[in-house]
């Protein structure tokens, strides 16, 4: 199964007075790409929450190589870098939708919690979800 | 009891590429001022939610008279325009902290819901909160 | 020419702890719909800025009829309510992409400025843009 | 000279439906703390921009150790980890204003650009600013 990169069109409210996209928005774009990725592999994040599984962010990073400007559209690709049923490491690449210039790279780390806020092993608690993630390492 | 206007310092992430504060942020500043107002009259919004009372926004408006720029600080004053135990109408004025220039005016309307999402009369459900709001009409 | 409503997919970062979309985001969605509308009629807002024309927001309002939740997608339609070459009044309807339930209505008013920040008549300064807006009243 | 940590009061619009502060906001808080730090050492970021010096973000990271909730206030302290006149590395600690629990750590890396977008050495271009940063390594 091939995952398609996620397309984000920059918005005016994402700019700052440097006339570029404010750096904090990329962290939000990573989230957009992440939920899109999950839908592509067959489980929406909204559904996971209804199943009582919460996926908080343990850490996040972004490296800005070149600026994105208003009017640009970007593609965001995701790689599952590590997954062991308990933790999930993702890597992101943000590149220009037309020129394919690489603008930003990033990472995020996640765990899985039940509704009581306790860490769970997806492998035991939701083996079918576990298989989906495991297939992408 | 005299309510003090709420002080907000503009942030870089609130600017846009017009080199002004993006207009959507004022709606958030109204919320900041509203929670500050509630704390001043003696009930924090966080506490109200713990009591099971939710205060959604039914409508909001803003009129932008002159632009606010990064580096400015603004004061936001609130008037209770109408309150009948079921609905609450607030009016806002955003003015420059130093020059006192009036930048923006606005309004918001609210109702009160219980945790099941049902409209409640604050007058009956939480008479002590009701008295607090009623005192400011 | 028929304008297509703008599709917005709700994002997790747009939610608040009431488990709904935070009301300030609709003001941003109006902007998304507005720039999409302008592209559909043939002029991107990014291009207008390159031509030296800035379109600030003079006022904005939103009326929230029913809550939008994470996982929902909404369609936003725009009507040009008034346009005289100097001011532009827009009206918005936000409805559920599937059920077509009307969630929110809103308005925004705009003027046109040159790069020096002076109000201009689009009719005189950019007659071809003027014709585009005028066609939609 | 002793730098005071920056105080941020959490806002409702910063929460998400996990009933915590959305992780992207910490990146914005780092910026708030950074501009406050610069004002404490004697140069506002608004003034630097007026001098024609822009300070973009080259990279950013955050590690979330425990959740911050609405109603909490946090203190953010900054350490200058490295500075050589061309690049600036900052480290952040976000802790609870009352309990002093450490919630989040983070970093950001910056360079200095002139108005044409060219990297500059602060040491040569603005030696008085250079001295201010150098004093905090």
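In this document, chain identifiers A, B, C and D correspond to the written order of the chains, with residue numbering beginning at 1 in each.
FYI, a residue touches a chain if its C-beta (ideal position, glycine included) is under 8 Å from a C-beta of that chain, and two chains touch if they have at least 3 such contacts.
Every value quoted in this text rests on a predicted model; they were computed, and no experiment measured them.
K.L.:
Chains touching subunit A and subunit B alike, please list them.
P.N.:
Touching subunit A and subunit B alike, sorted by label: C, D.
K.L.:
Quick one: which chain's Cα centre is the longest way from subunit D's?
P.N.:
C
K.L.:
More C-beta contacts across A-D or across A-C?
P.N.:
Counting C-beta pairs in contact for A-D and A-C gives the edge to A-D.
K.L.:
Report the inter-chain centroid distance for subunit A and subunit D in whole angstrom, where each centroid is the mean of the CA atoms.
P.N.:
24
K.L.:
If you average the CA atoms of subunit C and of subunit D, how many Å lie between those two points?
P.N.:
Result: the chain centres lie 34 Å from each other.
K.L.:
Any idea how many Å lie between the Cα centroids of subunit A and subunit C?
P.N.:
28
K.L.:
Scan subunit C for residues touching two or more other chains and write them down.
P.N.:
Counting only residues that touch two or more other chains, subunit C contributes 12-13, 17-18, 20, 24, 28, 31, 49, 70.
K.L.:
Hey, which residues of subunit A end up touching subunit B in the complex?
P.N.:
Touching subunit B from subunit A are residues 12-13, 15-20, 22, 24, 70.
K.L.:
Which stretch or stretches of subunit D touch subunit B in the complex?
P.N.:
11-13, 28, 31-32, 35, 44-46, 49, 70-71
K.L.:
Of all residues in subunit D, which touch subunit A in the complex?
P.N.:
Contacts found on subunit D: 17-18, 20, 23-24, 27-28, 31, 49, 54, 56-64, 67.
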